[in-house]
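Here is the structure we will look at.
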């Protein structure tokens, strides 16, 4: 039998396996391409018919013929950044509480300690539970719990940047913590035996060694959180007041691109307002695409994966 | 205790005394944990307090007999059973649609794709991961408009369309978690399986996938939660305020998250509002329950794969 | 099996009992079956739901779905043929009628009432004051005889029938300030105003209840009664719209809305029923 | 003719960086062959070239000719394209086929998986699957179609008895394998290999992660195994090389040569390294 038969047989065998995977990838990618083609095809007229200037303007007064969606873009960015500014440090702090957990200290007792351990045990569980809390439930509860507090404390209507940012921070928190945990836990684990032997505590190892070496993971988690915050519809719709303006303070209302889309779909058909809906969609898609691609790239670069070992 | 430590520190010269122990960080992280748990506690307590009292048979079925309602013999009014059933159907259908392409594409990216294909498809998936749900809903809506104007004038927003859009929304979660779980399988284990003479397909099926199962399952669970809770997608693709039990793939349907949103927006009496609280609680329990079930299944599967004789 | 059988019998009995004796207004539905999809104006939903409930209980072969969305969605969906009836809280524009060939059926009158927090001492406002408040020129309650507190404005989203009615009838086509909070439904408006002591907003009269206070406008008290007899002028009509003339199930449904049963449902939902024009 | 593995002009590179350069070597049909060398000298790559495991690494390109005796004479294990691509030397492909008319036949039909099954390989760290002891042994047995579910328990028992684990693990076959001690794990890996009845064993520093006691145990087993088949072992421990006996090769910067061919064996190796007789004796103890 000729030698090439070996190769032929092998490749035949290998082809069978990936066929299903190949098919699946084909289906998935077709869906993605279709999505982009559709949204862009519908968004183009908005830009083309009136020129980009009409849509990319600072005034939204549909009755006077102003269809600018820049205030919404600014609102989206501002809200997402505020939520991130709240959630990211919180996520880092929570990680400091979750990751460096050694075995229970034997011999030390007391109610305070037990309580603290209970809290530490509860935390990872709570974070996972939070991923299951539906957005609409957050928004609904915040409408009755948080907005009165904000109104009483800071004045205004309570439907404002601050309320929305607070709840949005809660929404993006678990995702960020989980991404950070996945990236940092293995590093810490690898460091632990040696580092502990040097007399560092786990927390010190995490703070002084792991965090500085994992900047990319931390940044990637922030970008992912940002994308999620930009893309959320219901919370800004229910809590941010929806005024089409650039907010001047924490207690002022704003309108995000997503909420704008939800509001416009509800009430407009045809015409410039309706077209601006697709323009907003395309804009949102653009911003989120950038954030998400950047995040993944960073996350992948920072993976501790090694090139093929060339050890002998 | 602290006094003893201080005197200890004084006895030994400690050059970086200021940094040792990171007391401020320790305190802040503890504070953050307590604050978060407090927030969550307040949220759940509030929902329980408001929604607990209405959490009964009537919340689900209104005044229709339970069995008739469950079997769909009689329509339910003033109850959230149709919405609950709709959400369940939606989640199941979404998973059916998304599991094969999601996990398959993840396997392809991790195991079979060449470097070029990997970069291209990987970027496409990253882009998809960034698509906000309302844009996904908009996409579904435009697809229907397009179909109606071209070759399928009878097309309409429906359960199938909503599931398909949701499936597309959760696809990147599945793909990325599958891919990362597979890529995280230790190289040694791969080599060892190869050295034992297992064929490529056998390696994937009997070693790599089971080892990666935990990561894949966590992706499935996330996808599950996402499809149960998402409102923005279905708002534009076929959910309605009143439709009864889902009547088929081509029919409009009700769903819990939309029902909550709708009641908050339109309630006319305090009783109706109380129903929204009840529905919130039910949705929370449903999402939590689905997650619990999925992780149970996952660990059961793991035990069966790893354990015992035969 | 044992336990299932009686239930089945009971269910069949109930169903046949419901089938056997449809009341007068429901008689036309006896032989019909199929789907009826309704979408559009949010104010209509209670009426549509009520009617759907009665019809479906009488004839289980009929499946009626009711979706909200807003007046714009109502026009678009019925125009594109996505639903059978599209509801609007405003009269159709000529362009819409021309584009889609729609037929309108006004069936109820809805008033739009200005509302404030129940504890707000201000109980009456003049039109000029109202205009200035919503334009942002008056920004403190003390300028209209209330407490010394900043006014929080709440308005509805662009394209809302309620907002259009309010701005054209109460503000004489005046504009709302850009910094107003925008809420997207009567319910959300009610929640917001009920919680904010310094709020002012507007809802459909049908949505007035203890949680908010209706403001007397230029001496007109917002109530069903006054809206019906025309002494309260900030009103609008609610419409059902169909593409072409309504036939079959759609026609039967519209007839039912205009029947005595239908009027009872409309009144219960807080609107004033109208006769078929 | 009396060789288990014959390597001619083997070149292996990763991402264009050469790891092995024109290696030609042949290992005897029975007994232990030891390959010594520093880290990075190409020992493991050479070993992995024998069961084509290098192909599992990204960016790997191998050219040259490797022939292995799996019970039916020497036969080529790399496809022809690999051999032909040697390029600068015209000899491999055409010449290979012309010469080997007799021996080569038949074994070409071996699939890659089959080849790897017939060549057992043991790694530096015990590589057990994260499952029970029993499943670890049964999975490759049943998947390679070597025996049915029913026959598996007997073969597994035989293999475990051979490596001396049967008594220790008898009642605990359904416990997770990764809970065993290092020595037990490595012996379990060995049992897993032996259950597959390999014709040839490749060992990549099999005792590197074990303590002295466990290492000795493994070494004894290996000596016993080597009576019936070829065992090729990579090590960087001189004392181990001396203990194990057999022939010794030295790997250096991607090439390999026998340690002092005229004398052979451990003594020859020691001579090459200028070790005194006393030192050698000490190491041998």
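Order of writing sets the chain letters: A, B, C and D. Residues in each chain are counted from 1.
In this text, a residue touches a chain if its C-beta (ideal position, glycine included) is under 8 Å from a C-beta of that chain, and two chains touch if they have at least 3 such contacts.
If you're wondering where the values come from, they're calculated on a predicted model, not measured in any experiment.
> Pretend chain A isn't there and tell me which chains still hang together through touching.
one piece
> So, comparing C-alpha centroids, which chain is the farthest one from chain A?
D
> When the mean CA coordinate of each chain is compared with the mean CA coordinate of the whole protein, which chain is closest?
B
> Write out the two chains that share the greatest number of C-beta pairs in contact.
Looking across every pairing, the one with the most contacts is A-B.
> Indicate the whole-number Å distance between the mean C-alpha point of chain B and the mean C-alpha point of chain C.
Centre separation, chain B to chain C: 35 Å.
> Per the centroid of Cα atoms for each chain, what is the distance between chain B and chain D, given in Å?
The computed centroid separation for chain B versus chain D comes out at 47 Å.
> Express in whole angstrom the distance between the two chain centres, defined as the mean CA positions of chain A and chain B.
Each chain's C-alpha centroid was found; their separation is 14 Å.
> So, what's the distance in Å between the C-alpha centres of chain D and chain C?
The answer is 81 Å.
> Going by the touch rule set out above, which residues of chain C reach two or more other chains?
Expected reply: 68, 184, 188, 191.
> Which residues does chain B have that touch at least 2 chains other than itself?
In chain B, residues 199-200, 264 touch at least two other chains, as defined above.
> Tell me, which residues of chain A touch at least two other chains?
As it turns out, chain A has residues touching two or more other chains at 13, 143-144, 238, 262, 265.
> Provide the residue numbers of chain D that touch chain B in the complex, in ascending order.
Interface residues on the chain D side: 51, 53, 56, 111-121, 123, 125, 127, 129-132, 134-135, 138-140, 143-144, 149, 152-153, 173-174, 176, 192-193, 196.
> Considering the complex alone, what residue numbers of chain C touch chain A?
Touching chain A: residues 68-73, 75-76, 79, 96, 99, 150, 152, 154, 157-160, 175, 178-184, 188, 191-192, 195-196, 198-199 of chain C.
> Can you name the residues of chain A that touch chain B in the complex?
13-14, 16-18, 20-25, 27-29, 31-36, 38-39, 42, 90, 93-94, 96-97, 116, 119-120, 122-123, 126, 128-138, 140-141, 143-145, 170, 173, 201, 203-204, 207-208, 227, 230-234, 238, 258, 261-262, 265, 277-278, 281, 284-285, 288-293, 295-297, 305, 309
> Report the residues of chain A in contact with chain C in the complex, numbered from low to high.
Interface residues on the chain A side: 61-63, 143-144, 147-148, 151, 155-159, 237-238, 241-245, 252-253, 255, 262-270, 273.
> Show me the residue ranges of chain B that touch chain D in the complex, using the header's touch definition.
188-200, 202, 206-207, 210-211, 305-310
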